[in-house]
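Note that chain A is present in both complexes that follow, paired respectively with chain B and with chain C.
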Partner chain A sequence: MSTIIIGLSLSFLLFLLSAGLTLIFGMLGVINFAHGALYMLGAYVSFQVVQTTGSFWMGLLIAPLIVAAFGALIEMAALKRVYSRDHIFQLLLTFGLILVIDDATKLIWGLDYKQVPTPALLTAPIKLFGSHIPAYRLFVIAFGAAVSLALFLILDRSKWGMIIRAASSDPDMARTLGIDVNRVRTGVFALGSLLAALGGAITAPLVPIELGMGFSVIIDCFVVVIIGGLGNIRGAIFASLLLGMTRAIGYTYATEWVELMTFVLLIGTLMFRPAGLFSTKGRAA
Partner chain B sequence: MKRRKFLYNAGATAMVSTLSAPKILRAQSAEEFHIAAILSFSGPYGLIGNDMRKGAELAVAERGGMVLGKPVRFSWEDDETKPQPAVQKATRLLSEGAHMMFGAVSSASTLALQSLSTQRKVPHLITISADDAITKRDGPPYSFRTSNTLGMEVKMTMEFVKKRGLKKIYAVTADYQATRSALEEFSAMAKEAGVEIVGNDYAPLGNRDFSVIIDKMAKSDADGIVVVATGNDGITFVKQAGQVELGKDRVIFGPVLQDDIFAAATGPAALGVNSGVRYHYSLDNPTNNAFVKGYQDTHDALPSAFAGEAYDGLRWWLDVVDKTGSWDVDAWTEAFANSVYEDSVEGRKEMRACDHQASQVGLWGEVVKGEASMPELTMKITDIFPADRLFSSC
Partner chain C sequence: MMRKNIGTWIMALIVAAMIIVPFGLPSEQWVNLVSLILIWALFAIGFDLAFGVTGMLSFGHAALFGTGGYALTILTISYQIGFIPAILAAAMVGALLALGMGLFALRVSGLFFALLTLALAQMIYILASNKLRALTGGLDGIPGVPRPDLFGIDFYDNRTYYAFVVVVFLIGLALMALLRASPFGRALRAVQANDTRASQLGYNVHALRQSAFAVSGAYAGVAGALLASLMFYISPQMLHWTTSGDVLIMTVLGGKGTLFGPILGVAVFELLKEELSQITQYWYGILGLIFILATIFLRNGIAGLFEGRDDGQGGAQ
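And then the complex of A and B:
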C-alpha cells in the first residue's frame, strides 16, 4: 500500500511538471522546449520569495504568477510571430529561450546551489500502512489532484475552456465570432508557463535548485506527453499515473530496470498508438 | 642500398627534428609561462570550475605572478562538463604554445585530456577528478594528480564503518562506472571486515526521487546507510531522507557525500551526515591558515574544497618547475614525479613516481552547525587517516 502512496506522489509530481507542456502543445501547437527552463525559473523565483518572506506558501503562490507574466511577455514579443511558420522556427525560438533564461538565471542568482526548506507544517513524516510517508508527499498528492481536476474543469466544462478550444481548432471562425484569438493564445502560454513554474515551486523542497534542473525534467515531461497523447490533459493525467506507478513498483522490486521500463512504455506507445494512448481527433481536454 | 639508407636516415632525422621542434622553440622563445586551464564554467560542474579558478589564481598571485622568471598567463576555457569541448579547446591552446594543461573537473574530460597530454608530451595537472583510472601504474607519463582518488575515499568510508561499529549496511549507488566500481570495492572490504551489505539499489544518475529506495531502507534492519553518489544525487537523497527522519536511528555516510557547499544546498537534513572531505578550510597548519586568510582577503569567503585543491596542486607544481631552472618539459615531469611537498595545506604530500598520484592523508568529517564566521552548516573534520592506510604500495 505504501508503494501505491509513493507512486501517487511520483505521478502527481510528473503531472505538475508536464501539464504546461501538453497544454501549450494542445492549444497552440507549439512544442515548447523552454518548458524545463520555465520550471527552473519557477524554482529560483520561489527560492527568492521564500528568502524574502520566509514563507514557502508565498513562494508557491507568487512564483507561478511572476513566471506566468514572463510567459505572456515571451508570447507577445516573440512566439506570436512564428505561429504561422514551420515547426522548426518554434523549436529554434524556444531553444533560444532556454539559453536566454539559463544565462539570465546565472547572472541573477549565480552558480551556487539554492535550497528551499520543507514548510514547517509538513516536516514530520506520517505513519501509513507500515511506512513513514513524508507529510510533504501527501500534500503533493492532494495538490496535484486538485490542479488536475481544476485544469480538466476549466478546459472541458467552462466557457473559458470552450473559447480556448474554439480558438485552437478554428482560429478564423473564432475571430468572426468576436473572440480575440491573440489574447487567448497569450493567456494559454501564460497558463502553461504558470504550470511549469508551479512544478518548479512544488519540487523545490525535494531537490537542490541549480542551473541544470530544467534539462533533467524535460525528458520526463516529453515521455508523459507522448504516452498520453500530444496536447491531451486527460492523457497526461493517465500517463503520469502509469509512469509514476511503474517507477514506484520498479524501484521496489527491480531498481536497475526502472529506466528501461520507462522507455519500453514509450517505445510501445510509439509502436502501437503513435499518437498517444488518449489521442482522440479534435479533443484537446 | 647505401643511397636508400642515407635517405631513410635523413628522413628519420628530419622527422624527429620536426616533432621535437615545438618543444625546443617553446623553450627558447618563452616570454611567459602559458597555462591552458580547461575547467567547467557551465553545466553541472560550473560552480566547481569557478572555485578552482579562484584557488589557482591565488597560487600564482602569491608568487608574484612569475615562474622561471617569466610571467604566468592562464587561458581559461569552459569544457561545458563534456570531454569533446575539453579536447577541442585544449588542442587549440596547445597549438598556441601552452606549456601545460590544468584540469579538467569531470573525470571523463580529464581522461580525454590525458590522451592529449601523452600525444603532445605536455604536462597535465589534475586537482579534482577522482576516478581511480586517472592514475594507474605506468599510466600517462605527463599527467599528475595532486588530489584524492575515489579509492582512498572508499577506504576511509570503511575505516569509518569499523570505527562506528556498524554491522549492517544498506547502499544506494549512482548508476555509472566509477561509483559501481567504488561499491564493489566497498563491498569486498565489508565482507572482509564482517560487515553485511543488506541491500543495494542502483539509482540512475541525476535521479530526482529516492522515496521508494528510502522507504526500503527504513524498513530494513540496517544500522548504516552508505550513499555512493555525489553532487545533485547525494543532495537529493539526503534532503528526501530527512523528510522521513531516516538519519534519526541510522548513520548516513558516503565517500563523497557532503562538503560545505553540498550541506548548504541540502539544508538541516544534512546535520549528522558523515563524508570523506577533499580539503577543508578548518585544517590548522601555517600553510592552510595563510591560504585561508589570503583567500578571504581576496574573495571575502572561505575557500571551498575545489579552490583549496586547485591552489595546493598548482602551488606545488609551480614550486617544482621553478626549482628546475629549466624550460625542459622532461626535467619538470621528472622532478615532479619524485617530489615531496612538506608544507601542503593538508600536511605532507608525496608524488608517487609509479603512478603519478599524490600520496596524502585522508580527511573525514561530519556536518555540524557552524559557529561565528563559519557557514550555517559546515563539515567538522573528525578523522585524519594516514596515507599508509589509504594507499597500497606501488
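And then the complex of A and C:
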C-alpha cells in the first residue's frame, strides 16, 4: 500500500513539472532546459522562506511567486529576443541559464545540503488499509491533484486559457484582436516557472535540497514528455503515472536498478511507439 | 565571398600560430594548455559535423568522448594492447556507440533528438559509475592511463606528447576538411537545410544522419582517448552531461558549421576557464552568462566576426 502512495506522490510531482514543461513548449515552442533549475530554485527559496518565517505554508505560497517573477524576468530579458530564430537557439539559451542559476545558487546558499522540516500538521502517519502512510505523502497527492485540476480549468475553461491558446495558435490574429501577445508569452513562462517552483517547494520536506536535484529531475521530465508526447497533457498524465509507479515499485523491490528502469521504459517506448504512446502524428519539433 | 575567404585564412593562421608558439616557449604551462585545447578541438570539430553541418543537436556526446577514453584505458592496461591500435579501437568504439545511440535517437528528430541523446548518455554515465564498476573503476576512475610507445620516444615528457597530439589533430583536421568539401559533406548540408527536399532528391536522409553521427562519434572517441592519456587518468566525469554541455558551448561560441570556428571556440573557452577560475570559483556561471549573451548577440560565434556571416544562415531548417 505504501508503495502505491509513494508511487502516486512521485507521479503527481512529475506531472506538475512535466505540465510546466509542456505548457511552455505548447505556447512558446521552447523546450526549457532550465526547468529543473527553476524547480531547484523553488526548493531553495522555500527553504529560505521557511527559515525566515518559520512556516512551511508561507514557503509553499511565496517561493513559487518569487520564482515566477524571476521566470518573467528571464523571458523579458533574454528569451524574447530569440523567438524568431531556430528552436535550437532557445534550447541553447535555456541551457546557459542552468549554468548561471546553478552557480548563483551555490553563491547564495553554499554547497551543503539544506533541509525543510515536514510541517507539524502532517508529521503523524495515517493508518490506511492496515498500513501506516506518511501524511505528508497523502498531502502531496491531494495538492498535486488540486493543482492539476486548477491548471486544467484555467487552460481549458477560462477566458485566460482561451487568450493563451489564441496567442499561441495565431499570434498575428490575436494581436489584431487587441491581445498583447508579448505579455501573454511572459505570463505563460512565468506560469511554467511557478509550476516548477511549486514542485520544488512541495518536494523540499521529502529530500535533501542540493545542487544536483534540478538535473536529475529534468531527465525524468524529458523521459515523461518523450513517452507521453510533448504538448500532450493526457500523455503526460499517463507517462507520469507509469514512471512514478515504476520508480516506487523499483525502490521497494530492486533498489539498485531503479535508475536504469527509467531508461528501459524510454527505450521500450521508442522501439514500439517511436512517436510516443499517445501521439497520432509524426513527431517534429 | 571575398571577405569570407579572407576571414577563413585569418582563422587558419591564428590556429597555426597557436600550435607553433608552444614549441618555442620555455614554459611547460602553454604546452599543457594547448595540448588540452587541441584535444578538445578535435572533439569539437567532430561534434560540429553532427551539429553545425548536419543539424543534429546532440546532448550526448559526453558518452562518446568518455567511452573512447575508457576503451583506450582498458585495452592498454588490462589487455596490453599497443597505443596506436588502442586509439584506433577508441575511434571504432566511439563510432559504434554513436551508431547504437542513433538507432534509438534518430527515431525522433529536431529537439527530441537532443532530449534523447541526453537521456541515453545519462544512462551510460550511470552504468559506468555504478553497474560496470568492475570494468570502469566506478566513481574512483582508473589511474595510470599510459602514453604512446613509438619508435623508442619518451612520450611521458609533456613536450613530446604535445607533438603527438599536434600530429593526430592535424590528421583529424585534414580529414574533416576533405570530408566537409566532399559530396558526402554537401549532402549533409542539404539534410540540414531541408531534409524533406534532400530525401525527395533521392538522398537517404536517415543513413546520412547515421553516418554523420558515427563519424562524429569516432572523433569524440579519439579525443577522449587522447585526453585520458594526457591526464594519466579517467573517471566518469568525462561521461557527465557537463562534458556534452562544454563541447556545445565551445562550438556555438566559436561558430557552428565552420571548420575553424569550433577550434577558436575551444581556445577561448579554455583560456576563459583558466583565467576566470583563478579569480572566482563561480567561473562556470560567468561562462554561462557569456554563452547566453553570445547566443543572443553573436549568432555566428567568433567565426561570424571573421567571416561576416550575420545573415542567420547555417541554422538548422
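We adopt the following convention: the second predicted complex is superposed on the first by the 251 of 285 C-alpha atoms of A that agree within 3 Å, B and C clash if a C-alpha of one lies under 4 Å from a C-alpha of the other, contacts with A are read in each partner's own complex, and residues count from 1 in each chain.
Please note the rule applied: contacts are C-beta pairs under 8 Å (C-beta built on N, C-alpha and C of every residue); 3 or more make two chains touch, one makes a residue touch a chain.
Quick caveat: nothing in here was measured; it's all calculated off a predicted structure.
J.: Where does A:F129 make contact in the superposed view: on chain B (first), on chain C (second), on both, or on neither?
T.: The answer is neither, since A:F129 touches no partner chain.
J.: In the superposed arrangement, which partner chain does A:A104 touch: chain B (first), chain C (second), both, or neither?
T.: second
J.: In the superposed arrangement, which partner chain does A:P117 touch: chain B (first), chain C (second), both, or neither?
T.: First partner only.
J.: If you stack the two complexes on chain A, which partner ends up touching A:W160: first (chain B), second (chain C), both, or neither?
T.: A:W160 sits against neither chain B nor chain C.
J.: In the overlay, answer first, second, both or neither for which of chain B and chain C A:E259 touches.
T.: both
J.: Go through the superposed model and pick first if A:W57 touches only chain B, second if only chain C, both, or neither.
T.: neither
J.: Output the chain A positions appearing in both contact lists, the one against chain B and the one against chain C.
T.: Dual-contact residues (chain A): 106, 256, 259.
J.: Under the touch definition given earlier, write down the residues of chain A that touch chain B in their complex.
T.: 2-3, 6, 9-10, 13, 106, 111-115, 117-118, 123-125, 130-134, 136-137, 203, 205-212, 216-217, 247-248, 251-252, 255-256, 258-259
J.: Note which residues of chain C are touching chain A in the complex, please.
T.: 57, 104, 107-112, 114-116, 118-120, 122-123, 126-127, 130-131, 241, 245, 248-249, 252, 282, 284-289, 291-292, 295-296, 299, 312, 315-317
J.: So in the complex, which bits of chain B are touching chain A?
T.: Touching chain A: residues 42-44, 46-47, 50, 175, 201-204, 206, 208-209, 211-213, 215-216, 218-219, 232, 235-236, 239-240, 242-245, 261-262, 264-268 of chain B.
J.: Touching chain C in the complex: which residues of chain A?
T.: Residues 31, 78, 81-82, 85-89, 91-93, 95-100, 102-104, 106-107, 215, 219, 222-223, 225-226, 230, 256, 259-260, 263, 266-267, 270-271, 274-275, 283-285.
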